[in-house]
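Chain naming follows the written order as A, B, C and D, and within any one chain the residues start at number 1.
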Amino acid sequence: GCSGTSKDSAQTNAPAAGNSAAANPNAEIKKGLKITYLPKAVNNAYFTTAQKGADQAATALGSELKATGPSDASASSQVTYINTAAQQKQDALVLSANDANAVAPSLKTARGQGMKVVTFDSDAAADARDVFVNQATTQEIATIQVKMIVDATGGKGEIAILSATPNATNQNAWIEIMKTELAKPANSGLKLVDTVYGNDDDQTSFQKMQGLLQAHPDLKGVVSPTTVGIAAAARYLSTSEYKGKVALTGLGTPNLMRDYVKDGTVKSFALWDPTKLGYLATYAAAALASGQITGASGEKFKAGDLGEYTIGEKGEVVLGPPTEFTKDNVDQFQF
Amino acid sequence: MDLPPDPPLVLLEGVSKSFGAVRALTDVTLALAPGEAHALLGENGAGKSTLIKTLAGVHRPDAGRLLVDGEEARFSGPADAKAAGIAVIYQEPALFGDLSIAENVYTGRQPLRSGRRIDTRAMHADTTALFTRLGVVLDPARPARGLSIADQQMVEIAKALSFDARVVVMDEPTAALSAREVERLFAVVELLREQGAAVLFVSHRLDEVFSLCQRATVLRDGKHVWSGPLTGETPDGLVRRMVGRELSALFPKQDTEAGDVLLSVSRLTREGVFTDVSFDVRAGEIVGLSGLVGAGRSEVARAIFGIDGVDAGEVAVGGKPLRLGSPTAAMAAGIGFVPEDRRQQGLVVDASVERNVALASLGRLSWFGLLFGRGERRLAEDWAIKLSIKAGRLGAAVSTLSGGNQQKVVLAKWLSRRPSVLIVDEPTRGIDVGTKAEVHRLLSELASEGVAVLMISSELPEVLGMADRVLVMHEGRLVEEIARADATEERVALAAAGRSGAES
Amino acid sequence: MAERLRGFARWETALVVLLVLVAVVGQARTGGDFLDGGNLFYLGLDIGEVALIALPLTLVVVAGEIDLSVASVLGLSSAVMGELWNAGWTIEAIMPTVIVLGAVCGLVNGLLVTRLGLPSLAVTIGTLALYRGLALVVLGDGAVADFPSNFTQFGTTPVPGTWLPYPIVLCAVLAVGFAITLHASSFGRSVFAIGSNEEGARFSGIRVKRVKLLLFVLTGAMAALAGIVYTFRFSSARADNGVGLELAVVAAVLLGGVSIFGGRGSLGGVLAGVLLLGGLRNVLILDDVSTEVLTVVTGLLLLVSVLAPSLTARIRSTSTGRRSP
Amino acid sequence: MSVVAPSRARRVTETIGRARELGIVVALALVVIPTALVNPRFVEAQSIRDLLLNASIVAILVAGQTLVVVTRNVDLSVGSTLGLSAFLTAQTFADHPDTPILVGLLIGVVVGTACGAVNGILVAAGRVPSLVVTLGTLYVFRGIDFALAHGRQINASELPDDLLALGTSRILGIPWLVVVTVVVVAAASLYMRWYRSGRDLYAIGSNPEAAVLAGIAVARRTFGAFLLSGTVAGLAGALWVARYGTVDAAAATGLELQVIAAVVVGGVAIFGGSGTVVGAALGALLLSTIASCLVVLRIPAFWQQAISGALLIGAITVDRLLALRLSRELRGRSDHDG
């Protein structure tokens, strides 16, 4: 390019409409705050569970929580709902972003109009939200999955990944770090041979699992870092002749996986409690909307039963390390 | 009212039927007695097919009643008519291209075997038996798609016979058949008559009517004109009843001096359709192209206009060679083409009159592709007056017009382009008597203005009355050229049947 | 048939009445939020791409064909845009390239339909998968989001001093062009003629195949343009952009009174259809009506759009004792 | 008049008629054999069972869709019908764990039949284009599904084991689901081949006006085709629960395009009149086998969709060329004996 706008000549997006206001750690949580809860899609069991936590928090805080959202988890489908929340002059938005970038412009506009934005589970562009409530650090999630697959396979052989959509922000971040972990000499016995995508669709994941096993006769293990994927994969494994020969682990909910850890298809899997995630995100939203915090690193806020949390780098709050579920402890969890 | 001796099998009484503004039937009465073959006669558009469709339960009459065996019957659809024992061979074959011939014959009545399954073997055997009766060799298992018109007609006939119906209605069954098949068909009709069935027979060939039928009914403009026994009647007498006036008045072709050759066709061939067709048409001339249905006349016209491709041969317009295979090129060279099927090919019936008239002149009416103002309306108004098109509004859909007026719209569409060569294919098919004369006057006028006209027509009197020269096609070849002075009905008919050259 | 025509004319009137109704009721139910400038801006953004694609698709459907691959072309153009931007191309060079690419996608559809005589429904179900697949091949799981803000702002800010989004302004300008093309040009007359009677059109010297080919090419190019708008609006080039949008566009076109069999329809009706679907969605979401109701309402509107004209036509034809075919 | 000896003519037509199904079988072989050479596991029992299982639900839907498409209509709502019936079936089992398996399955079938009846009434009695009607009901049925489910996901642990066993257990090594599919396909194909009302469907699609003249009850038959398509989609929904064990409101979203693609690939003319259920079911098998092969051949994930799309277009193109050839053949013969 000679005179046009190219990647080299352009300035990247302007920085966020900064939080100039100072935090007042002693500010009371306002009553009757209007909060919108916006999951990736309305018919997703994981988010339905998280919504329970959000509801509990809202009740405790005396806020008005409204759940809404699109029926499909495509990149742009949430934007309408973000705009609507802004239009309805909601005080805060609790959001799990389908696409970090696609929601950014409308989030910025909404914040410009005074709405506070908390992302949870899946972040939006850092300059488009105030706080991100992370279920666990990317590093923790990746590490625990690598640890589980090493346990299950004895640390030797070919493994593959069954992920959600090719564009899923979370999964891609975890997979990147898992690759780094696997490259370490300690894990040199494991060889990642393939990554396939089940699109967070039960049927597709099911069939992709089959395909993986056929394509790689020497496969020893599969990691599925998505609740939909691992459940579908476990169901396939449990009835196929590969049961017990191919290990499966990843991120799953106890309710979906209970049968499979008990029948030995899966040795262990991990997850955080989505109810707590929704609960924490709602508390963060209320704290922001009440001026207790601004999202700056080092600020602290109280999150009801969960205790006190500190905002870390880039406005991130971490719920805590993921829980590993095995047949011994899985019955203690209901979500 | 002349009633047959026995109580009629079927009696249509005072039947009227309109399609929008077109009164297709007005107070028509028709009685069919067991054991008789009854001719239904009338000009194109007289209402014969409409009457038949009323009898078949396709149309519900607006007024009048239908009695079967003296009992009033109400048909809510063709199935009811079938159940009452009425079998119909429609004018246009209506076959299922994807189904086998046998299934076409036995649609909905396939022979069954255990478990209510269709017995294909029996069905094929029955079909073959029927065809043998008719003297046809057709494979009952082959799909109906791709059958020639004549074969399609034979399948329709077989279908009607397979019923053992008490009333068999045949709407121009012989139009596409050769003499041999017609003979077979007649033998079958005789058999049906002996079994006590009534046969209603439509044909424009009066000799067939006289050899087959005992009684006849004549319709004119949708009205009942005459019913009676055929004994003592003459063909001329019947024609007078159908037409209502002397024939000569109908065809006012003015004599003109033929000018330069405007359309020159040489050695045109489309494999399997027509072969080695060569002829010229001069300015001021009307050349008639005659032949039996299926002889390939329309196909020649389509090829000249560029709708179909050709395998060999050339066409020149006004001395300049024409690029074949492109209607746009043909139009640019000055050819206009009024196709035979006006509803499918000539018109966009859902669109308004003005849109249709302007459809072939869009280039001329538009300015850089844009249509401003009322150019289309003005063009249509102009030609509606010139051709006295009767339409409620020029914005009304063409489908609301009567057949004759629809035909005039097609003519207007092409005449408004001022073509130097005009090809008309069956220009008066399905239009009423008065309009027909008007169309003839128009064609004649055009010729006198120096247009070269090629007229394809299946109506012999029309060809004989209008054409300066008659070309006759038989099975895809041009077999004879007859000057106006020498053209007689007999000579053209013989040539069309492939028996020309007996005398010159 | 005339009744049918009048019925359709009336359907367009009915659409406008429905639109007004939605606006009035929406305004009341949402406490004035609906007709607020900010909300209208969002509404405009939301319908932008659908409207852009609906313009050429109207012509395609009027000509008796259909193109289901539009959303995939949108996705492919978005993916290519991202890839070219990553490769260091300038936006000024990327935009025409992407539009040409869309036109080529349309050309492929058009050639398969006109040269091989394949049904467009089947062809474009195939290219729906093909083009989306190519988008994935081009950009994979990546997302390109660092487009310069002086371009992305066209998708995120209104025209200064108004609440009008830029895509809507673009769409309005193009709509005038398309309306003139369809309703006041010889090309448009050909399109209608082809849709009502293809054979008749051919016998009138209309180059049926060429017209259809052109329509598919145009649709591809417009879908690519919609892809550019989409990419700037979300500042995000991704292979899965616009998944499933084809149904929304087809629904809007049909709701606008265009006959799926071709030959009937108007661009005004389609724009009203786009507005009605978008407006209704907007009102319902503002009014906190659930997603499921939204989906049902969309479907019911479609059913009404075909049943209403057909039923009125039938009632008339029975009163004149006539059977429709 | 035709003077061709019937035996020869019959042979030509029958060979070409069969060629369309044969073509799909050949295509299947072309896909399976190279894959098996590269990866012998592909033709092991487990793998073949999986191939058949993967195709089975779509193949069931395809059987119903063929009935509709042959009449020159289309049913776009099958995915939504399946979703609704799957959810209601699963919900019945989840909320009333004592429901007998057959009763539960019947609930799915009844729901599907009801959806089919709605489509059928609208198309046959409303005399409106089926594409628009079923696009409308696609939204309506899915919306109802969403409303009933309200974000709920029913999973394997809530479902009776006997039901889930139906999705995985086998008889003589053949999965039950595959047996059911074969029965449905066989029943539909026998119906369309050997029964009067089945042949009527072809007649209607082949020439609607002639069908009226021939006294065929066009509206009733069209209604029947949609009804059966719904019934079959309902059955597929119930089986979906058994097979996948997890159901939410989004189950089978977008499946209609796969079904129509399979029908078209299977040689059913999209404008009606011709095609067989067996061909269409083979089409479904071909498409799902291609998808499996691409995974097994380790084609990069991002290429798979593009390749399936290209193959789909290739298949309909070949089919079209075959059909053109057939019609030319028929025309050529009648020309020469004229």
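As a working rule, a residue touches a chain if its C-beta (ideal position, glycine included) is under 8 Å from a C-beta of that chain, and two chains touch if they have at least 3 such contacts.
These are the chains along with the protein names UniProt gives them: B = Monosaccharide ABC transporter ATP-binding protein (CUT2 family); C = Autoinducer 2 import system permease protein LsrD; D = Autoinducer 2 import system permease protein LsrC.
All figures in this text were calculated on a predicted structure; none of them were measured in a lab.
The chain with its CA mean position farthest from that of chain A is B.
When the interfaces C-D and B-C are ranked by C-beta pairs in contact, the top one is C-D.
Taking the mean of the C-alpha atoms as each chain's centre, chain C and chain D sit 29 Å apart. Chain A and chain B have Cα centroids separated by 74 Å. One simple way to say how far apart two chains are is to compare their mean CA positions; for chain B and chain C this gives 44 Å. For the pair chain A and chain C, the distance between mean C-alpha positions equals 34 Å.
Counting partner chains per residue, chain A has residues 42, 71-72, 166, 197 touching two or more of them.
Looking at chain C, residues 136, 140-141, 239, 244, 290-292, 295 sit in touch with two or more other chains.
In chain B, no residue reaches two or more other chains under the touch definition. In this structure, the chains touch in the following pairs: A-C, A-D, B-C, B-D, C-D.
Within the complex formed with chain B, the chain D residues making contact are 1-4, 6, 9-10, 13-14, 194-196, 199-200, 202-203, 205-207, 209-217, 269, 273-274, 327, 330-336, 338.
By the touch rule above, chain A contacts chain D in their complex via residues 41-45, 47-48, 51, 71-72, 166, 194-197, 201-203, 206-208, 210-212, 214-215, 217, 231-232, 235, 239-242, 255-256, 258-259. Interface residues of chain B facing chain D in the complex, by the touch rule stated above, are 56, 58, 77-82, 88, 90, 94-99, 103, 107-110, 112, 116-118, 136-143, 145-148, 150-151, 154, 181, 271-273, 475. Note for the complex: chain D touches chain A at residues 39, 41-42, 46-47, 50, 54, 146, 149, 151-153, 155-157, 168, 244-246, 248-253, 291-292, 295-298, 301-302. If you check the complex, the residues on chain C that touch chain D are 112, 116-119, 121-123, 125-134, 136-137, 140-141, 239, 244, 247, 250-251, 254, 259-261, 290-303, 305-307, 310-311, 314, 324-325.
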